[in-house]
Amino acid sequence: MKVIFIGDIVGSLGVDMVREWLPRLKEKYKPQATIANGENAAWGRGITERDYKKLLQAGVDLVTMGNHTWDQREIFDFIDNEKKLIRPANYPDNDVTPGKGLAYIKINQQTLAVINLHGRTFMADLEDPFRVGRALVEDARKITPHILIDFHAEATSEKEAMGWFMDGEVSAVLGTHTHVQTNDSRILAKGTAYQTDVGMTGFYDGILGMKKDSILHKFTTQMPNQFEVPETGRTRLNGCYLEIDNTSGKAVDIKPIRIDEDNPFFG
Amino acid sequence: MKVIFIGDIVGSLGVDMVREWLPRLKEKYKPQATIANGENAAWGRGITERDYKKLLQAGVDLVTMGNHTWDQREIFDFIDNEKKLIRPANYPDNDVTPGKGLAYIKINQQTLAVINLHGRTFMADLEDPFRVGRALVEDARKITPHILIDFHAEATSEKEAMGWFMDGEVSAVLGTHTHVQTNDSRILAKGTAYQTDVGMTGFYDGILGMKKDSILHKFTTQMPNQFEVPETGRTRLNGCYLEIDNTSGKAVDIKPIRIDEDNPFFG
Amino acid sequence: MKVIFIGDIVGSLGVDMVREWLPRLKEKYKPQATIANGENAAWGRGITERDYKKLLQAGVDLVTMGNHTWDQREIFDFIDNEKKLIRPANYPDNDVTPGKGLAYIKINQQTLAVINLHGRTFMADLEDPFRVGRALVEDARKITPHILIDFHAEATSEKEAMGWFMDGEVSAVLGTHTHVQTNDSRILAKGTAYQTDVGMTGFYDGILGMKKDSILHKFTTQMPNQFEVPETGRTRLNGCYLEIDNTSGKAVDIKPIRIDEDNPFFG
Amino acid sequence: MKVIFIGDIVGSLGVDMVREWLPRLKEKYKPQATIANGENAAWGRGITERDYKKLLQAGVDLVTMGNHTWDQREIFDFIDNEKKLIRPANYPDNDVTPGKGLAYIKINQQTLAVINLHGRTFMADLEDPFRVGRALVEDARKITPHILIDFHAEATSEKEAMGWFMDGEVSAVLGTHTHVQTNDSRILAKGTAYQTDVGMTGFYDGILGMKKDSILHKFTTQMPNQFEVPETGRTRLNGCYLEIDNTSGKAVDIKPIRIDEDNPFFG
């Protein structure tokens, strides 16, 4: 099974870049499934139904989220009806949290389970992602050995810990959230593919995909500021390519995908 | 001017890896200067005089530090006598802080200024690294256009902000501290080479270079734990190669260096 | 010199309570100056010009602020014209930050200097409040020995540290921000009056002066929420009374002021 | 039922103050039970078996802990054998965490349940104290309506939230950890006594009960430092007195206890 994962899509520049490049990536990599983190699709904060639909039309099979899940209030109107959108699973276990944190993608005779988890270090006080993650993986393994985790987290320690914690239990642990791709993709000792962060997709000449001036102003003045995603500009696409053994669910290959003007794409 | 920068060296495994590989890297890249972050050289926490001397003997020209600078108490005995060791410059401006945050490396007719700065986001309440950094860069520019900043910081936003803040003013802004190499090295618009994190050098099969079991135990139990650096095991070396224009001080090239069993070295 | 200080005024309930009770407090305590923290006057977030004017009309002589200073955008329109409104002094030293962090109140033949400082522990990366505070105190001491600091900070350690740091240099260090009055008012060894937090003024049956249900919902679900200040309900007024020696500027007395239904006011 | 609760006991000065003053407090208040937070009894960090035994001999019936529970390694040797020592209940639910978070004190025909919980805001990533607390309260209510919670937490918002969350379900929610007594003790709408922090017991002229110079040095230099608890000096005792209705378990009275040279004790 071949999979493409696309890192945090930021704003319309990011959504458009997926529309433009995903066809070429599919031609090159022939994935059976494409997953994308969409938590910043709407002007950098959350996702609208329109963005979500655009991503599906562009060829994405499942959208994952993160700490920005609820930033666009309209998500409360559509998240419970949509099967191709998941949010971090480790919200408190109650009837209040809309959406789900685990979804299955059907691929011919096979199934890929995708789990979205949220880190805690330097972040919010959600439920323990290790405990919640383990329980979901146990559920998913009853259905399929092909399991991918999008671990949306800040600290490299927590992310590497999750990789080793899940090693041998899932096909891949891929990090999102920092918006910077890491150069550490590998297959761990028991067969789980791992990358601390797959990076982001959107504006190339900014900070985390946003205009750099307002963020610089914030750091140097400590004054409040609007962070804006530009409408035009040079872009980057970050993600990774994954190959999973059809029988065992173990990873066979993981490669970073980085497309920008300094790293041109070769089909 | 060609420069090699080696990311956070963790424990004796890391020091030994520098001793083993730096000669080969020098043969390949022919650098005039080699800089290494040594804040974790002593069992993962700080640096001893012995580690420092070993690094110099291995061919390192200057050692930078970070949030672990003071972990080994003996540093107070030697930091003020050593010219090839700097610590973050943005400690409060007073007579209490030993050491310095800026050093010059003489290379034939030329000079390379190296500045060490410490981030604040998710870290300590040091002085503003942007303000302090700018003042030091102004000083250094009176002496040389070749200036390299080791920005030891956690948040990708603060690091990218520093890159753009210094763009055109220095030859390179290289991040350290997260112990995970990023795949975003590039030359910014006005000629400054940038990489969010150059990564770490030491144990390959752990978490941030430390044994994984104790850190996993910490995350899953929230109980205190000793974090240990193993004495033996597979290793990685992370860093980057930099080429700077001799006249202008602008960056000409930046390439990540990643050596481990999944990414073998080709001389 | 006698002074009344009123803790963080939250919403219109808080403003109204000042209007209702300040006359009675003045009758009882005969203060020459009344200072109030107004950072939450506008629906819990920032202050409008209208709130500010209402507080002056109610008998407040000077309004201090805190981390919510800039929450109402209109403050940028009036802060530079108003002499009776200060914001934390330890913003970066540049031309970008509107307003000032030090003001003088004229009282017959005497002058009271008021300094507003912002903590850093668990808060924002402002300039060092100890360094900035010391410099401002040195300035103020050239004009008057009567100096009061509103230290708007979260951590009890940082606040107690400021008290001892300024002991003997100023008349009083009064804490704000936690919205809970502390029971530790005292005069330190060298004559500075100290209280870790003077508390808040506004809705009595909520959390930090806001409706409790939305905050409870946030803690138990970790979902985003609007925090609202109610328009009606039982109220509390928190503050402290201070007496300063006219000649030396040393504190002679400090007493907490707590008015609510469980602690009725006796004139 | 009458209860005395004593806030964080810091070092031997604190332990000695309990030995000296608890008899007089018992004479005045006639409590049937005395509870004390002992997380800082051993030189400010954790508790030794000797400190624990001393506190029992001094008349304490139950010792609660907090974020410093594990600082003295010897606690692992005795916590599981001791019935009068509890640690925060909201550690992950596993077999690894020694000790318990709930204990019962027998008082003639009655029983007082005591629950220790740990906050998360600005603290560690423990399990949700609201969820865990609710489950333990449900258990305890099967046995007794007399339930006291020591909520060891930093943020005033989280502590007030816990008070309201438990209002009507327990006899009292008392905060510890900040080492500064708050002046907000009251009985909430449905009968739960509440105080944000009962304060600390130990050195009076320091910062959080420790010598002030080393902490001031830390804040002004950002350099590492040993925080020491002095062996001699003026002291304070902080706590609160509680009266609970024997039948309903509702609170009838809550009063802060503050003994120091500025607030002398009247028997």
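Note that the chains take the letters A, B, C and D in the order they are written out, and that residue 1 is the start of every chain.
Rule of thumb we're sticking to: a contact is a pair of C-beta atoms (placed from the backbone, for glycine too) under 8 Å apart; a residue touches a chain by one contact, two chains touch by 3 or more.
Computed from a prediction, not measured in an experiment: that's the story for all the values here.
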Between chain D and chain C, is it the same set of residue numbers doing the touching on each side, over half shared, or a different set?
-> same
Whole-Å gap between the CA centroids of chain C and chain D | 29
Centre distance in Å when chain A and chain D are each reduced to the mean of their C-alpha atoms | 43
Chain C residues counted as touching two or more neighbouring chains = 92, 125, 128, 131, 220
Which of line, ring, star, complete and other names the graph you get from chains that touch?
-> complete
Complex interface listing, chain B residues touching chain D = 70-71, 91-92, 94, 96-97, 124-126, 217, 220-224
The residues of chain A that touch chain D in their complex are 92, 120-121, 125, 127-128, 131
In the complex with chain D, residue positions of chain C that touch it | 122, 128, 130-131, 154-158, 160-161, 164-165, 178-184, 186-187, 189, 196-197, 199, 205, 207-208, 212, 215-216, 219-220, 256, 258, 260, 262
